[in-house]
Amino acid sequence: MANMAQAVRMALHFGEKHLGVTDVFGEDVGPPLGGVFTATQGLRTAWNTPLDERGIIGTAMGIAYAGGRPVCEIQFCDYAFNVLDMFKIAGNQRWASGGGYDMPLVVMTPNGAGIRGSLYHSHSFESWASRLPGWKVVMPSNALDAYGLMLAAIKDPNPVLVLLPKALLRAKDTRLIPGEPADADELSRMIDAPVNDRVGWEPNWPNLEDHTVKIGSAELVREGTFGTVISYGRPLPLCAQAADELAAQHYRTFDVIDLRSIFPYDWGMISRSVLKTGRVLIVNEDTEVTNFGEHLLRRVVDEHFYDLSVRPRTLMGKHVPGIGMNQNYEVNSVPQLGDIRTALWDLATEAA
Amino acid sequence: MANMAQAVRMALHFGEKHLGVTDVFGEDVGPPLGGVFTATQGLRTAWNTPLDERGIIGTAMGIAYAGGRPVCEIQFCDYAFNVLDMFKIAGNQRWASGGGYDMPLVVMTPNGAGIRGSLYHSHSFESWASRLPGWKVVMPSNALDAYGLMLAAIKDPNPVLVLLPKALLRAKDTRLIPGEPADADELSRMIDAPVNDRVGWEPNWPNLEDHTVKIGSAELVREGTFGTVISYGRPLPLCAQAADELAAQHYRTFDVIDLRSIFPYDWGMISRSVLKTGRVLIVNEDTEVTNFGEHLLRRVVDEHFYDLSVRPRTLMGKHVPGIGMNQNYEVNSVPQLGDIRTALWDLATEAA
Amino acid sequence: MPDANEDPPDIEDALLRRGARSTPYPAAPSAIRSGRDTLSVEVALTVFRQMLRTRAIEERSIKMSKSGEAYFWIGGPGEEAFNVCLGLQINKGHGPAHDYLHLHYRNAGIMLTMGMPMIDHTRQLAMRWTDRHSRGRNFVGHYSIPEWNVIPVTSVIEVQFAMAPGTALVQKRHGQKNPTENEGITVVVGGEAGTAEGDFESCLNWTTRPGQELPVLMLVTNNRYGISTDLDTVHTHRPIADRAIPYGMRYETIDGNDPVATWHGIDRAMRYCRRERKPFLLETMVSRLHGHSSSSGAQRNWNEADSLAAFEQKLIDAGAIDTNAVRALKDEAKAEADRAVVETMKEPEPTREDVYAFTYAESAVDTIYPKDFTGLPGAR
Amino acid sequence: MPDANEDPPDIEDALLRRGARSTPYPAAPSAIRSGRDTLSVEVALTVFRQMLRTRAIEERSIKMSKSGEAYFWIGGPGEEAFNVCLGLQINKGHGPAHDYLHLHYRNAGIMLTMGMPMIDHTRQLAMRWTDRHSRGRNFVGHYSIPEWNVIPVTSVIEVQFAMAPGTALVQKRHGQKNPTENEGITVVVGGEAGTAEGDFESCLNWTTRPGQELPVLMLVTNNRYGISTDLDTVHTHRPIADRAIPYGMRYETIDGNDPVATWHGIDRAMRYCRRERKPFLLETMVSRLHGHSSSSGAQRNWNEADSLAAFEQKLIDAGAIDTNAVRALKDEAKAEADRAVVETMKEPEPTREDVYAFTYAESAVDTIYPKDFTGLPGAR
């Protein structure tokens, strides 16, 4: 019943307690705030940094070099663009040094639109991130996966970027994280910092257990025969909903794949589903020119061109300079439920 | 007969003289060196900056805001990654300000592998650049186009990125730039700075004429019927050569399209050719995950899926953390002539 | 009420470039004093009135963000003295003969004081198509006014400091070629936390190249916080202004809650930039009366010093104004803000068709986008 | 010749941590002097011999880049005094109890002096698979030696300054928990032009957070050029070391062409970092004897002061060594370099199969790449 922000927080606590996490840091990550989305409240090793993304990634790399286990945050992925060079280096140093050093680094950052964030709190980062060889990149679409992917990210000795869909950070899961109290209010009393006076506040952590979602393993969240939908992050629940609606109303069922891992991705699951359905739709909210979804489409075309019954499709964000603040911009820039439903319908009903 | 570096230099001179260019600047761009590839030698408005890419792009934006006409250089595109945020802003400010300000900015930067540059003088930038809405991005494959695209970049009131294939900067064109003396040695005596003592040296510019290659216009450099090859920059001459070889040896001819403009691209020419041949190969040297070539493939699939006779293909650089210094790394990381020839052959001979 | 929005009254010689108009308040004492600095009552009352207007629009803005008329609020309650004193001393106009402004997101007071009508603030806050700064695209306070050299504000912290040398370079050259137009400077504003970004250093460095010094007034509004982070925990306890030292740049730290000190601090720094054509780093200590933004609740923080309340008391104590006049001014300012909001809410919002508009300027050398962006190349 | 490569002799107390061995040269005077600083003859001769070895490998490297044995050369001729004096004072070893080195691309002398065999330099230059730093992937001088805490050098200017606080943070904590292992510091080196990048400032800022100061020795080798760009044209004429002032950081500028001054400058700065667990900014003025790199020809520039020739003269003048002994040392160093090259050229190059190797560390939580990168996910 935790929301995604609480799930991340619990994963980081688990990481501090059991997996050797030494530092959780970034802008406003430490007390008193504990993160602009509360994802780092109450953590023992959380601290605040100067307003300097280059210093954050650089310091994280240094900590990792010296044997620490850093988890750092870029406050919004929109602010990662002045430090892409250091992302690149974190990704290439192992290769460049012939395996001399590992780089056990986790960077987490809120991703995508949906919080009326205007230009600079709406960027999607996965397409950029997928261009960083040496990194692993994951993006949960629910709280339980956020917990499980964060634990995998911490355990993996390579740099892992955890993209958190901004719009889902407050979305509660229907499932429980192992060790989480069943009552959401109880959980909140235990681990949410009070809104006002926090002096002396200490979290009361539940006795959490391991739950690791392996990197590279997608999840089949709906099963069907009329097409394959590949998505992740914010649009994933919309894809599932659209599939449910079409199933209920029109008896058209779909495989809906929650990719969870952007890189490496679960090619096996994609491939099996495409072989079964012969129809593919890839959905994400990133801008559509040189989009990671186009890479997936290329893989599908490379390996399954002759298995396809109809044209494979993508549904992605528009190639716009930004997501405008007024909602009329946003709803016409990034895929909405209706767009997904229409795309699914077209996919399922096109004559082969 | 000019090489590409000379062509760029002449274009910038033309820009200073006729198009209002006020500043040509960057690291080592001014005297005494005139650019690490000599592309800015002898220019009246060239000056050296501090070693600070953020200052370069920021200052260029400021100059443009205040009515100047800046052309700035990032010494190698490999060093543009700490300033991607400002690239983004240069691209989005017009949209963000509701058309309040134009941003007549030209950034030029050497791109790609092929000079044994190891990890940090071998990056390709076009896939990154294509993700910058608001920008136009061009990449010549020969000196004449370099001249013509640079003039277009200067004339365009929007931010334009001119990617110069590092490996082709010293390649001479067989054609003359309008106004260029026919004798290459004479040109060199006129506009190449002496290698040693440059004190008091002044270029003697030929009387150059306008020659503009419009943004968004590709060139069909070979015509044929067995397939369509879409490329640009460094691999383009290799594609043409491979096509020539297959035509001469096996009577298989190809449309070879030099895209020249990465964004916007000449969809009309691509579309017509694909309709004609039904077979497509897209070639570039950038890394293959979330590569601009995958976007082109997606467009082809979107609009011509049912016009294709065989699986459309891409030939791109490997998803590696870097291009290694030893040539055994490079030749096995980025497409070589032999790879292109094989891919063309397969494309042409696959049974429909 | 006089239409002071469009054209604020003239004050002393710094303002001579604007048309003259006399102040409506009779001045009992001849000057308002703070330490060794004084301000004529005329100027002091103008500053006060503009501070009141600024506070009024900010408070109304916060209300909008809570009422649902708007969504996100960020702004400058607590920085009124700084904003107003700066706005009154700007050399306003278009092109390099005038000042360029690269602003932070807490500078409504500068704009109002320069003459921007309140409705140009609320239109952005309410995300209307009539929003002249961004067509409903950007957060409030992200102004863009080409006619006044106001460069589009972007949310990305500190990048304005990397751009400032560019406008100043054009200004310096312009003045060298046109000696009668040699007064324009570049004004760049940012918070203290943002100085940790490299761009702040870029500005220090690029404006002090030997023989190429640039007329940039670097302003740091130090409210001692970046969102929740106390400056003292992430930065050595020295003044931010010390950052000028390694570059031999002039610098000063002033009390931005004292309008008299602020007026003169800005005046000294500006005068230096204008005349010497060199940079100056001015740090102003300011308050943050409503927290960082609506995201942190925007509740009034009563622990912070309020420059406006203090100045009101000072003016009353000095006999420069009485409480009735103050009340009238406040009511006027609030009414002005209310009118702006009412008007704003009637105005149209952007539509689906507007998504791509203004991406590209017209180009004679682009075959695909000769006018503006129209979707993917060749898209139907 | 003693196998000084692997284990240089001990010098004074700064070196006590290494095993003792006596110097082979009889010392006529008792000390070599420069201003108020002195160096024992024993140390001076060790410095001299390591400088000779460094010069020998650099000159041989340039030759390789011209002969076709290698391709690109970049290095540190002219910085020998700095490199050697630093290398001799490093607390060498693995983990936070020892020094971390974040180096520039001109630091062969540090590595040789610390005991790296010459062949580990030439293997990288000749792009061999045996290159322990990068498997023939990176430019020469881009060292990486985990056993000695040598962080992989990257060509991207100044990023090492953003990483340095991270290693120092771990060191500081380690020392607090293990008081007997409280001497490790982080040493970070870069050129003067690179200080224009924001990362230099990040290091100043992140190492001086109040109560969280970090033991980082920030070293700037000021050769007055960035490629072709004269520092005086792009930077105010103040010492780079002044950049420490706004942070209250200790700083000094020393003559890096004077080994005696350099030794003590480094000693003072290091001692401070080690004991106070705080940062120090040390600027050393050095020469660039062969231009920027092979791209600019790598010709000897005879206008630049040569610390090695000057030190040779000084030692001879002081009677610490004679010309025959100097010649013998030079021959030895050259022979050592030649042997390294001959050996290197016999060694294998990387192959097609090696392209992806070492991209990823083994992971128990990755279903696609449990061992290493193997091409696109699921690729056949």
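Chains: A, B, C and D, in written order; residue numbering restarts at 1 for each.
Throughout what follows, contacts are C-beta pairs under 8 Å (C-beta built on N, C-alpha and C of every residue); 3 or more make two chains touch, one makes a residue touch a chain.
These numbers were taken from a predicted model, which means no experiment stands behind them.
A.B. asks: Name the chain whose C-alpha centroid is farthest from the C-alpha centroid of chain C.
C.D. replies: Most distant chain from chain C: D.
A.B. asks: If you tally contacting C-beta pairs, which comes out ahead, A-D or A-C? Let me know.
C.D. replies: Contact tally favours A-D.
A.B. asks: Centroid from C-alpha atoms only, then distance chain B to chain D, rounded to Å. What do you get?
C.D. replies: Distance between chain centres: 38 Å.
A.B. asks: Suppose each chain is reduced to the average of its Cα coordinates; what separation in Å results between chain A and chain D?
C.D. replies: Computed value for the inter-centroid distance: 41 Å.
A.B. asks: Let me have the rounded angstrom distance from the C-alpha centre of chain C over to the C-alpha centre of chain D, please.
C.D. replies: A distance of 48 Å separates the two centres.
A.B. asks: Give me the residues of chain A that touch two or more other chains.
C.D. replies: Only 49-50, 52, 54-55, 79, 82, 85-86, 94-96, 119, 133-134, 263, 288-289, 319-322 qualify.
A.B. asks: Would you pick out the residues of chain C that each touch at least 2 other chains?
C.D. replies: Counting only residues that touch two or more other chains, chain C contributes 134-135, 137-138, 154, 156, 196-199, 202, 205, 209, 233-235, 359, 373, 376.
A.B. asks: So in the complex, which bits of chain C are touching chain A?
C.D. replies: 71-72, 127-128, 134-139, 154-158, 193-194, 196-198, 226-229, 233-235, 295, 349-352, 354-356, 359, 373, 375-376
A.B. asks: Can you list the chain A residues touching chain C in their complex?
C.D. replies: Those in contact with chain C are residues 27-28, 32-33, 36, 48-55, 78-79, 82, 116-121, 288-289, 318-322, 324-326, 328-329, 332-333.
A.B. asks: Touching chain C in the complex: which residues of chain D?
C.D. replies: Chain D reaches chain C through residues 196-202, 205, 208-210, 232-238, 242-243, 245-248.
A.B. asks: Under the definition above, what is the set of chain A residues touching chain B in their complex?
C.D. replies: Going by the criterion above, the answer is residues 54, 79, 81-88, 91-92, 94-96, 119, 127-128, 130-131, 133-134, 263, 287-292, 294-295, 297-298, 301-302, 305-306, 311-314, 319-322.
A.B. asks: Report the residues of chain B in contact with chain C in the complex, numbered from low to high.
C.D. replies: Listed in rising order, the residues are 22-23, 49-50, 52, 54-55, 57-68, 70, 85-86, 89, 93-102, 133-134, 136, 151-152, 155-158, 212, 214-217, 261, 263-268, 271, 299.
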